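One structure is given here, and the rest of the page talks about it.
Labels for the chains are A, B, C, D and E, by order of writing; each one numbers its residues from 1.
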Amino acid sequence: MNALILSAILGVVMMFSGILLKSKAMIRNLAIGGIVLLLLVNFLEMSGTVLFRIDTKEMIAFDSFSLLFNSIAFVSTLIYLLLSARDIEKVGVNYADYFALIFFILCGITLTSSFKSLLILFLGIEIISIPLYILTGSDKRNLKSNEASLKYFLLGAFSTGLMLMGIALIYGAMGTFSTDSIGAFTETKPSALLIAGMLLLLFSMSFKASVAPFHFWTPDVYDGAPTVFTSFMATIVKAAVFIAFIRLFDGSFGFRQNQWQLFIAILTAATLFIGNITAVFQQSVKRMLAYSSIAQAGFMMLSLFAMNTDAKEGLLLYTAAYSFATIGIFAVLIKMKDFTFDGFNGFAKHQPLLAATTTIFLLSLAGIPLTAGFLSKFYMLKAVMINDKNLWLGIFAVLMAAVSVYYYFRVIQAMYFKEGNAGQTLEISPAFKWTLVLLAALVILLGIFPGLLLNWLYF
Amino acid sequence: MPINYYIFLSIALFTIGIVGVLTRRNAIIIFMCIELMLNAVNLLLVAFSKMHYLKSAAVNATAGADGQIFVFFIMVVAAAEVSVGLAIIVMMYRNIHSVDVNFLNRLKH
Amino acid sequence: MNLFLLLIVIFPLAGFLVNGLGRNFLGKRFIAFNACGQILASFVFSIIAFLTVKENGGQVINYFDFINVGSLKIPFEFQIDQLSSIFLLIITGVGFLIHVYSTGYMKEESHEHYGRYFSYLNLFVFSMLMLVLGGNFVIMFIGWEGVGLCSYLLIGFWFKKQEYNKAANKAFIMNRIGDLAFLIAIFYLIARVGSVSFSEIFSAASLAKLQATDATIITLLLFVGATGKSAQIPLYTWLPDAMAGPTPVSALIHAATMVTAGIYMIARSNLLYNLAPVTMDIVAYVGLATALLAATIALKQNDIKKVLAYSTVSQLGFMFLALGCGAYTAAVFHVMTHAFFKALLFLGSGSVIHAMGGKQDIRNMGGLSKKLKITFLTFVIGCIAIAGIPPFSGFFSKDAILLSAFEKNPVLYGIALFTALLTAFYMFRLLFITFSGKFRGTQEQEHHVHESPVSMTIPLIILALLSIIGGFVGIPEVFMHGGDQLGEFLSPVIKQHGEHTVSHSTEYMLMGLSSGLVIAMIIFAWFKFRNYQRKEATGFGKVLENKWYVDEMYDMIIVNPLNKFGGFLKSVIEKSVIDDLVNGVGRLVNYGSRQMRLLQSGQVGNYVLLMVVSMVLIFAIQFFLRK
Amino acid sequence: MIPVLLILIPLLAGLATFFIKNEKIVRLWSLGVSLITLVVSIIGLSVNDGSSYLSFHGEWMQTIGSSFSVKLDGMGQLLCLLNAIAYPLVILATWKNTYKKSNNFFALMILAQAGMMGVFLATDALLFYFFWELALIPMYFLCSQWGGEKRIAVTFKFFIYTFIGSLFMLIGILYIYSHTPDHSFSLESFYSTVLSKKDQTIAFWLVFVAFAIKMPIFPLHTWQPDTYEQAPTATTMILSGVMVKMGIFGMLRWLFPVLPIASYQWADFITSAALIGVIYASLIAIKQNDLKRLIAYSSIAHIGLMCAAAFAQNTSSLQGLMIQMFNHGINIIGLWIVVDLIEKQFGTRKISELGGIAQKAPALAILLVIVALANIALPLTNAFPGEFLMFNGIFSSKTNYYLWFTVMAGMGIILGAVYTLNMIRKVFYGNTNELTSNTKDIKWKEKLVLGIIVVIIFCFGIYPQLLLNETSDVVKTILDKFEIFRFTIQK
Amino acid sequence: MNITQILFWLLSVVALFSALMVITSKNPVYSVLWLIVTFFSLSGHYILLNAQFLAIVNIIVYAGAIMVLFLFVIMLMNLNKETEPQKNRWLKMAGAVAGGCLLLVLVAALKDTDIKQQQALVNEGSIGLIKNLGKELFTTYVVPFEISSVLFLSAMVGAVVIGKKE
């Protein structure tokens, strides 16, 4: 609750800061301070002190799961701002509003991570989506940015329609929007209305989570959007959507797993396949990362497929690992001049530290042991294998992981083993460097002691 | 009135909206078709709300009210979406002087 | 006693190490002294060992556990008994003489090569002693491969000449083929008997529990091993090529000692062979065939050492014939005498080559008898001995073999006798062409010809004496009761394969026949080659001169196909099949990626269409396909 | 405590090495570190088995049933010793080689050592996998940073190949884990798990693929010659000397005792593949003109023999295998050192361009000949007892084709003699050519290194029992697992 | 066949027809007008269902505000029949077929659900009246209501960001 209300307030504050404060630095620091505050109050709530006691009529419930995810999201956002806040200012004149929108999105994220009613889910998703349409198009002169935002908007609105239809049908069958009472209703043969609604919800959520075959918007939008915001929506937002996804299907349709597990399996396989295979041939690192985000989504889908304790823990770990690594890579990518693979040639020679940290992030994404990426993938596989031994899905997943190594390591090869002068003229602030190093350390730490994160679930 | 009628009617409207999205190239028309889809949903929700009201008004005076309130929220969101969406479309038009979605093909592969 | 045995082995090893490590800074004199001294020392200890055995039988000394795994125990043990003590004497004795000879023969070598040569020679003696002293098959195998190694090193001693190195490789690899069979035989023994120690294998108990088939298989495998080492069909072709090595080496390794290792092994396991009559026959036939084949080839060879080499092969064939007929004692007897006269002949030829300045083609020699008196005389003695004219040593041993062949089967005897006659013929051909007639070489060669130094002639003389008297240790019963001291001595280790069945009269008759025919042969040879003029061999002679084209056949059947196949694997299978398969996967992924990209057409309409279609499909699956 | 040291010393030292700038100091430092590691492992050897110093158990990720537990048993001791001996030798032998950014080079080398140590010590499946990868990653960077001209593509192939393998292994581990009663990755619970025949087959193949690629077994070997050819020689030494043993070790530690039925069931199939590989690789080696590739193929042949021996699954074969793992490591490192010396002096590895070196460099020639003969298992060299026992094991294995297998393996021995002797003949004997006419003989440092190797060769060739005693109980534990499942194997 | 049913059928036919006209008519302006017709007929349905509040809101918000906005934009860009881009026929066909299949599948799926006997109460039922809905909205649904304000804020900010001239 704290985070929810505070994020809304902070959004408003940032909105007006654009008028009141003139210096960019102050606005930036205000935003960072806001995030820290947000993180603080969230920790307060985790430790049991709720500042605002509001009766939400069981529409919103902040349990340890959602709170933990909120803090993951806030931490990621904090790192994101520390690394890329300056670059946000480069996008356009009304940078204060960008910060405001980011805070509104965070507000939406707190909703999607803690909803108990489909209505709140709907509102949360919309509060996330609408600012994202804007941020995507925020580089107004750039045709790609425009195109991306229009595509995103049209497809997003379409998927909203699907979601609403699904909600309506479920309402028809159940007579309520509360996820608990939907989940509590354990009939032997679910009505066709419910199934249809459930599937429609599945589709729309898959769309938001860019799961194949509803992923088509992802590469174009991530490619077209200003890179700073791509970084934001590829990591934090996507994670939030997945949390909502698993919350919805665990809370409302857990009992009807046998009805949808098959489809989740199909979608997962399709996502892994399309994401990884298509990424192989990309020439631009940015677009490659877009496809890789699809591939990673495929891995996160495994947790939905398995839907057990391992899966939920693993998903939290995964969101953290994935967000940290991707934010780091994007933060470096933003500094680059051209985003092609060759643009990284010889990067290690001129920017050894950046190259090293980027390597760690890439290794984590590729799922190499001693990085958080490995453990999160490991959790997913474990959840799947424990789950009455779904061997084939696991094997398919690791095969695709092997493919992913191919395109992640292309970057490493370019940075270390190819001759070039990437990053020669780059001047990097020490603060940026140290943040990157800390982030890398975090990635490795989580890769060795996942307990640091997951133990928060149980106390 | 049998609920099936309403279900089929709104599904029909919904699908017409989808077909519109599929067949038109004008961004604005596509957007309108999406609005049509939303309205189909609204109709369905209202019908369901009245159905549940009929079923359980005895036990709960406000049964079915949530359906209609959801419709209200949908309208709210729709309004917000329209404002943003039209803004984006206008921005697009400013740059390429067209609202034809087929011209949105710089980003592909 | 066990210290003595150890010393016998250690002296040559020490010699090897000292000469090997110090070859760069030690003087030639010291090197020579060191090498010979070590061998002499171990010869002395061998005599002591021999006497002790004569006094109070053989014994087995276990030094430490070489390999001890689960039920399999392979101790590092030596076994000294009548058989091995005889071989000890032969090896160290003849070995010593040849060392002495070498000091003269190798004088021209630069002194690190000199040191290298003697260290190899000592190493060889060391491994040979290991071979004969080994108390179980594994230790024997160690020596077995060790001598193979030394022969490899010494054949390729002049490693600048690639064909020498080729010969060395050939020797080593052919030995390896035999060794593989030997190894498998050992495994078979481990599997069936559970031990490799002679003392256990040849104990009545374990022999009793061995089925006939197993015995046959094991003995056959051992025999294959022997063919490799002792140059029998089909693995004999390396020995003639091995003449690339220095002549003393040929004398020591490829005549006197190493090549007789096979005979030693079979004699050693005679109890096993007695259980396998089939193997016995095979051994006999292979031995005889080899003897005949080699003899025929020797008829037409013009390289002095090649002739001797083939005669060695042929003599070894005789020994195997004896083994095959169960006359193990005769075989060992012939090993001994052969060691004497063949070493003598080789050293003699070495002295000739030395005189001719390295030339070996007898067609360019002739009339050397005047220049090289001692060499000539000793050579004659050697020839008489090998031809088997009483009372020279060759006569007794060969006669014993012929007799045993006769007992087994008169046909065998006939062929063996024929071979013996061929032997006499080609040996004297060699003698006459080399020494009689007039010199056919160039002018400065003629000037260069001279008698060898003392260090070379002394061993010749000693060996000559031995080849004369060496036979008297095994005088047949018919001449003198209890004359067969060797047989007596060996009887504890060698169970004769049944008693003599031939009447004395027949025995006399056979001896007379063989000796008479041999003498006739020699006279025939004298008239044929007294003053030899070179002429090209034709027809059948050419076939013989080219050794029945056996080498060419091997190349055609085995070597070239393997080479071609290897090339095929390297260039086709490895590159084009397996590796391309692997890379093909990568290419496939790339291709797939290129195709999948096209799905991302960039058109909103297509995106929505695909989404709707997949929705329809999933709905259809859910509502109509699933029940 | 000792196993932890064995892992930590190289790990921390390796990380520290990144920050040493001075080239000379880097060499000395890494040499010192490797020597310390060697001392520790020797101490470990001297500690009697079962003592508490040889095992360590630390809590780590209890929630998923994994723990940081390491143990130093006989087999581990042998391989850790090999690993610890290899490094000083390699560093000394390649002392002259210069690398740009040498600190990174040595840091990665030492990190790889830590990884391999972990592989040999871990008694927790997940930990094992961790170290397995930790050993692989530095190798990737080493090869593709400091390798030959085709290094990037080749190394990448090698990496992807092995990585796919290890991913399959991960799935296999999880598959077994999902059957463990107490859902734990510990070796004990893996050993105590009884899987059905079908499950065993599935898990077996999943795990075996990783080991088969690592060893490598025909036909999964094609990454190896290229990698050995392209990698910097120091790395190649470690790769072929120590790292390939990880595959065999993995089989003995994680495959046979856990999945005895399947390991027995598929023994014939895999043995034939391995032995075909032996002959195949030897025949190709005969035709090789590049020294590195020749040794690479000979290594494939040897490993194939070892794999066959492993699947013979009896005391003799396993005992032989274990000492052979050690000895082959020593010998092949010796061969690589010689090749490196030759390449450094003449700038070529083409056999056809060399010749007559023995005249000019007798010391080098003699040392090489000794190592080469050890490589073809001449008696009284260290390889003989191992191969003898392995052969004996193959011969006395329970399969019906034991005779064929023995003969095929024997073919390998003969062909091995062929290509080794041909190599010696062409490179060292014969007359010198203009390239080799002014060859210089080796200096004391190389002499020292090769001398050490030769000493090891003879000392374990004459008294192999020293090593055999170490591993006897490990072999017993492995075979007992087979005995336990004998009844199921019968039917 | 009482008056309510007649009205229901009438309104449904009008709604469907006008919806079809929306997606078929070439001229965007016509599409807008047809869409307004659709909305009116839907509002009729609402009244029929006695959801008076929604009926009014629908007319005010949609027909009144939103559609006017659409119309305004279209006029601003003076899109008309000539400038109206056309998809190629095959894509149209494909789209129509896909949509048709979707309709078919959904109808077939929902044809006989367990609630098909149930009725939707028409003409009466006070739940749709402003009084009740307002009470609900400001008691039970006050939190979502407030949250929707965040939505509006973000939309507003967004419109500014996009629309403002630089």
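By our rule, a contact is a pair of C-beta atoms (placed from the backbone, for glycine too) under 8 Å apart; a residue touches a chain by one contact, two chains touch by 3 or more.
In this text the structure is predicted, and so the values were computed from the model without any measurement.
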Partner chains shared by chain C and chain D (touch criterion as defined above): A
Topological distance between chain A and chain E, in contact steps: 1
Identity of the most central chain, Cα criterion: D
Chain of greatest Cα-centre distance to chain D: E
Chain located farthest away, centre of chain B as origin (C-alpha): C
Top chain pair, ranked by number of contacting C-beta pairs: B-E
Distance between chain centroids, defined by C-alpha means - chain D, chain E (Å): 72
Geometric centre distance via CA averages, chain D-chain A, whole Å: 43
Mean-CA-position distance for chain E and chain B (Å): 6
Rounded Å distance, chain B centre to chain C centre (Cα mean): 99
Residue numbers of chain A (touch at least two other chains): 119, 123, 126, 130, 133-134, 137, 140, 151, 154, 158, 169, 172, 192, 195-196, 219-220, 406
Multi-chain contact sites of chain C, meaning residues that touch two or more partners: 586, 597, 600, 602, 604-606, 608-609, 612, 615, 619, 622-623
Two or more partner chains touched - positions in chain E: 87, 91, 94-95, 98-99, 102, 106, 109-110, 115, 140-141, 144, 148, 151, 154-155, 158, 162
Interchain contacts (touch definition) - all pairs: A-B, A-C, A-D, A-E, B-C, B-E, C-D, C-E
Interface residues, chain C side, partner chain D - complex: 64-72, 112, 138, 141-142, 145-146, 149, 152, 156, 159-162, 165-166, 168-169, 172-173, 176-177, 180, 183-184, 186-188, 190-191, 562-563, 565-567, 569-570, 573-574, 578-579, 582-583, 586
Of chain B, residues touching chain E in the complex: 1-9, 11-13, 15-20, 22-26, 28-29, 31-33, 35-36, 39, 42-43, 46-51, 53-55, 57, 62-66, 68-69, 71-73, 75-84, 86-91, 93, 98-100, 102
Parts of chain B lying in touch with chain C, wherever the complex brings them together: 18, 21-22, 25, 30, 101-102, 104-109
Touch list for chain E against partner chain A, complex: 106, 109-110, 113-115, 140-141, 143-144, 147-148, 150-151, 153-155, 157-158, 160-162, 164, 166
Contact set on chain A toward chain B in their complex: 119, 122-123, 126, 130, 133-134, 137, 140-141, 143-144, 146-151, 153-154, 157-158, 160-161, 164-165, 167-169, 171-172, 175-177, 219-220, 223-224
